[in-house]
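Every chain is named by a letter (A, B, C and D) in the order it is written, and numbering of its residues begins at 1.
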Amino acid sequence: MRRICVFIGSRANYSSIKSVMRAVKENPDTELQLVTGASALLERFGKVDDLIKNDGFIPDYSFHNIVEGGSPTTMAKSTGLGVIEMAMVLDNLKPDFVIVVGDRFEMMAITIAAAYMNIRIAHTMGGEVTGTIDESIRHAITKFAHIHFPANRDARDRIIRMGEEESHVFNVGCPRIDLVAEELKKDSIEFLNNGSKFFDKYKGVGGTFDFEKPFLMVSQHPVTTEFGDNRRQIENTLNALSELKINTIVLWPNIDAGSDEVAKGIRTFREKHNADWLHAFISLPTDVYIHLMNTTDCLIGNSSSGIREGAFIGVPVVNIGTRQKFRMRAENVIDVDHSTTEILDGITKHLKNSRYERSTIYGDGTAGERISGILGEVNPPVQKHIVY
Amino acid sequence: MRRICVFIGSRANYSSIKSVMRAVKENPDTELQLVTGASALLERFGKVDDLIKNDGFIPDYSFHNIVEGGSPTTMAKSTGLGVIEMAMVLDNLKPDFVIVVGDRFEMMAITIAAAYMNIRIAHTMGGEVTGTIDESIRHAITKFAHIHFPANRDARDRIIRMGEEESHVFNVGCPRIDLVAEELKKDSIEFLNNGSKFFDKYKGVGGTFDFEKPFLMVSQHPVTTEFGDNRRQIENTLNALSELKINTIVLWPNIDAGSDEVAKGIRTFREKHNADWLHAFISLPTDVYIHLMNTTDCLIGNSSSGIREGAFIGVPVVNIGTRQKFRMRAENVIDVDHSTTEILDGITKHLKNSRYERSTIYGDGTAGERISGILGEVNPPVQKHIVY
Amino acid sequence: MRRICVFIGSRANYSSIKSVMRAVKENPDTELQLVTGASALLERFGKVDDLIKNDGFIPDYSFHNIVEGGSPTTMAKSTGLGVIEMAMVLDNLKPDFVIVVGDRFEMMAITIAAAYMNIRIAHTMGGEVTGTIDESIRHAITKFAHIHFPANRDARDRIIRMGEEESHVFNVGCPRIDLVAEELKKDSIEFLNNGSKFFDKYKGVGGTFDFEKPFLMVSQHPVTTEFGDNRRQIENTLNALSELKINTIVLWPNIDAGSDEVAKGIRTFREKHNADWLHAFISLPTDVYIHLMNTTDCLIGNSSSGIREGAFIGVPVVNIGTRQKFRMRAENVIDVDHSTTEILDGITKHLKNSRYERSTIYGDGTAGERISGILGEVNPPVQKHIVY
Amino acid sequence: MRRICVFIGSRANYSSIKSVMRAVKENPDTELQLVTGASALLERFGKVDDLIKNDGFIPDYSFHNIVEGGSPTTMAKSTGLGVIEMAMVLDNLKPDFVIVVGDRFEMMAITIAAAYMNIRIAHTMGGEVTGTIDESIRHAITKFAHIHFPANRDARDRIIRMGEEESHVFNVGCPRIDLVAEELKKDSIEFLNNGSKFFDKYKGVGGTFDFEKPFLMVSQHPVTTEFGDNRRQIENTLNALSELKINTIVLWPNIDAGSDEVAKGIRTFREKHNADWLHAFISLPTDVYIHLMNTTDCLIGNSSSGIREGAFIGVPVVNIGTRQKFRMRAENVIDVDHSTTEILDGITKHLKNSRYERSTIYGDGTAGERISGILGEVNPPVQKHIVY
């Protein structure tokens, strides 16, 4: 029986690997070892550790390694401390494989500890292209990893082009889609159709409406490299929507640089236009968000969820601007610029059509099982070599 | 003026970067910041820190980060501690570029600290193919580095194929060749021709001989992946040489796994064959070794020096076995298997010819100046992107 | 010229050592080296680092060492990291003395780094008796320290009884009193007498009043070991005050365990009794607090400020309960139990008298100068020995 | 059942706590948790970890924390790393008590981790007076410890004078004496009387002799604070012995500063005086040493073994100079100065008498059992308070 060690360092990590953990636990050929650390243990990042335990996963080890300060220097120091702690943990767990999830800074600590200690690494969600230091971290992890589980075909191709052995690269799809697939077994309208409860529970501003009627959704985040332009961008979107005045759920932007510009744009628009068709929410749980995507007539903005989960759900998406430029798209996506006219055109086009067929370019809901199956069998050598 | 920070973590690092340090120091556009650490500070690894100071380079910071134990676990922990220390150092030095030399485990610490702190990285000797964990480390550093200084054309091509921006990859040659070029300005025979002193000083076993007369050299190291076969391998070499009975300097193997097999092979052969033509040395200083390469009639074995420095020096080399299989060769190298006949044939062939033309496939002696010149001008963005 | 290194790890540290820093800087025999770290650098603890710089002190080094998590385990890890960082810093600063202030957990890191590196330690505020782990830390630092600067006679005697060399123990008074003495050069009424501004600026609840008229102050903190009883305790105090209905400034409790009980007690009392004579403030700057102490007719509660700074200021104090049981008192303090009657009696007694004479049992305002003077001269051996 | 955690960081630690470990393991009220680290894991310090395992103790955790470099700075950094590692270990083991042995630098790491994590500390061998940084460490540990197990009455009194609660200080004797008592159940002459084997096995220089005949022993170590005078000191001792020319076993000095002076003194004396009665040994196992002490007619020098184990064994001791000045003595010790005459007089006096009665001032051989018994019952509060 192979020991498969998963490290979870953040809330996002958990939803990206949960279906894998379940599959590893259930597979008779594999045994799950679980380690939690970094921001997964911290209250102010939602302490996903508690949620993990509630789901029945008991961590073998947990360690705090975040050096407070929120600066590039402390990010480096947290990583250094993470290597030291993880070395101790691996010394005790002696796994056959360590699964490294994605590309956050603390994942480099896990990677170094495992690689230096001759423990084989399986990497999920490698080969993608994004920005920030995550871009470098992701590809560096690829160069340490023995087995690759990219989430789509482009990513797979990129990993192979980087010199990885093709037979060790498996396009299994994104494990996050597994959770979507499971959630979609429920009836979305029914799920949301404690309608009044929904608006009550998640404390939106702007009154209630009936989910059986048409509604739109907006999820538009700041683009850090376009700092200063984000307010104009959200206003263009809202102006397009005000031509339609269909009920619209708008989600608060995440907290990257530029977030205040977007937030201010939304707030001012609501007040100035007295827009009673606009219903704003600070945040929504993942399952609620999935059912909204499954029900809305069009999702507008620049969230990756439209591209990735949206492909599987088949939700019509108007994707605005540059934020998702490096991602593969299914046919559910219309790309437009930050122009009121283009946005309006995109929405109108979608409203004429029905929803889209399910696309599996980001996975078909079986990633967890496939990963656990492969890790139960595969035997890559510890010594890697670039193929060219 | 740009601040260029060099980290030296071992004796080998220093000879790989010394000419660059000198050039950075002399270039009016660049300022040298020097940090020493890891085994560069430790007595049992030759404490190269003292030598560096004697050469007139004063470290801005020095830090101990080697956790004693010599195991994979402590290698990881030393790296973690190195990240923490280097973060502190970079916080104070605030360099424009950090030069990361090669691929030893501690270099990952320097790389992470710099990359996470948004300091641009220049990497020397990337793109090569070897073994051990160094192989993964080297390519991972490439994925973090902003400017690449590979030592040869193959390495340059490999870096570009890995998705690095071509305009940031400079084949400047190996800075170690700069030191060779400088050393070769002296007369080798004269340098060695305090002959008796030479044998006296370096305490060889096997009596003296005259360097104006023909002599051979053997530098054959264990191949860790061929553990158990190393004694037979060195015996094949010595048997070939005993056909010739020309004066031969044999150097002790380095301390990788299998070293004892090679050492025992040499010792037993000398005793059994009463081989007075065999002159064994524990170790020789770099300058002496260069002049010997410049004088010997043939270098036999599997040392990288025959391939790399040897190309520039033009020394006839019989390269045995698999240890150098991934390296580019100039015409001075004859490759043979571990077979007494093949080895003997190779040597005989070389002895008939004269020495070879200087080849610059591993550099022409100007790497230091070129690196300092480029770093004084180049402006790569901090945010990297894979090119495909 | 002697190098005197001060480490500041928290907001409280700074007010406890500021006058010493100034004196060391001005003394021609001593040179100030400043290091900041721990919570002194963190936003959520008020980032005193900024204040320090505004006051003209430039840190030689700053380092983050707080491992986030707020648990006993992370407190230990933060200390471990602090030792590592401080070792690096001391390696560079090479001071003659390190001043260790008080007894917070991070001070042990500074102490160990200095002691192990053969750097002499001067300890302020040792020899006192309190609770929590600070009690053990304080006395352990005493056993590492070479020079002791206790803040009062009792503390001095205790240090000597612990086996420290008497000639190395100097009762110089508390450096915090130096700041009080300086502040009191101003006219307190005038300072506060932008009356309306005061109430405006510090956002009290409960309306304004005139500082020339009589008023009381309450500063009552939870006692962690009496958890569960803290609400009853504050209510007893407020009930006593409601007999008098004199204007009263009540300060919010600090955030130790039990804080919520006290806060709830105050809030409920205000609402239930419609107590317009009660003016509650979240927090006040130190200088404002000093002038209030210098003006109020009576300070009621269990804050150490009444006992320590209060002795120097001569403010009438009714000290309630056990929290200050181990501290020396001047004649300005009446000790009472948590009983409405006793508290009321205490206040009434004080209101009949005028204010008290300045007492110097906690210092006369010259601690900073005396410490700097002594450190400029004293020569304790690095090797300590217990005296018995 | 109480969990008692023992940390072993060096070879010396193990012999100081082995009998306690055995007793804790056998006591039904206590459970042994074992952690090894620091130099206990390192080859060049004898890797006592292997011996521990051979004795049937399986460590729950082992961690490397020694930062190589052998300097005061690395001593501090090793301690910092030790705190971090030990925090992780204690988080997992959750012991009721941690036993801290003696006063070496790494013990401070264990102490801080345990104290900060609210785990009660039992300290052995506190209250003694020696030199170096150990002196400060020992007393600082005392200020953190909840239960004290000093090895003799003087040490107990000192701990109480330092302000520790008398009822928590137990003079149980030194656990090292337990091992002596057990060893002495064997017949010493018989044990040594594979005479020729003895000389053969431990590779002494100077020929063999019969252990039934009279013989002397010399164990004289350098005094670091008397650096420069150590050669003269050993020569005085050897000159005294050369008056007697009785067979004498001389042991090599330990490796403190000044060791070379002593070693050179011995070597030169042997050569110059052709002293065939002098038998020099590099080192001897503990059990052999105990039987030699139990057989020799006089032990000469400045080793603590003469004072401590010697008291129990009753061996006549001539103790020279200042090195043991702070230790309690039984009647077996004659103190002399570094004078040939005084030393000779001391030996002669002893040779006239028989051996001495067993003294239990350093323990009666039951320390282990008593410590385990006390830890099974005692309940000190986690919150300490100095008693005065």
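The rule we apply is simple: a residue touches a chain if its C-beta (ideal position, glycine included) is under 8 Å from a C-beta of that chain, and two chains touch if they have at least 3 such contacts.
Computed from a prediction, not measured in an experiment: that's the story for all the values here.
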| item | value |
| --- | --- |
| Steps needed, at fewest, to go from subunit A to subunit C via touching chains | 1 |
| Cα-superposition angle relating the copies subunit C and subunit B, to nearest 5° | 180 |
| Subunit A and subunit D, separation of their C-alpha mean positions in angstrom | 59 |
| Centre distance in Å when subunit C and subunit D are each reduced to the mean of their C-alpha atoms | 44 |
| Distance from subunit D to subunit B - Cα centre to Cα centre, in angstrom | 47 |
| For subunit D, residues that touch 2 or more chains besides their own | 73, 77, 81, 84, 88, 91 |
| Subunit C partner contacts - residues on subunit D that touch it in the complex | 72-73, 75-77, 79-84, 86-88, 90-91, 105, 108-109, 112-113, 115-118, 129, 131-133, 135-136, 139-144, 158, 161-163, 225, 383-386, 388 |
| Of all residues in subunit C, those that touch subunit B in their complex | 61, 63, 81, 84-85, 88, 91-92 |
| Complex contact set, residues of subunit D against subunit B | 41-42, 64-69, 71, 73-74, 77, 81 |
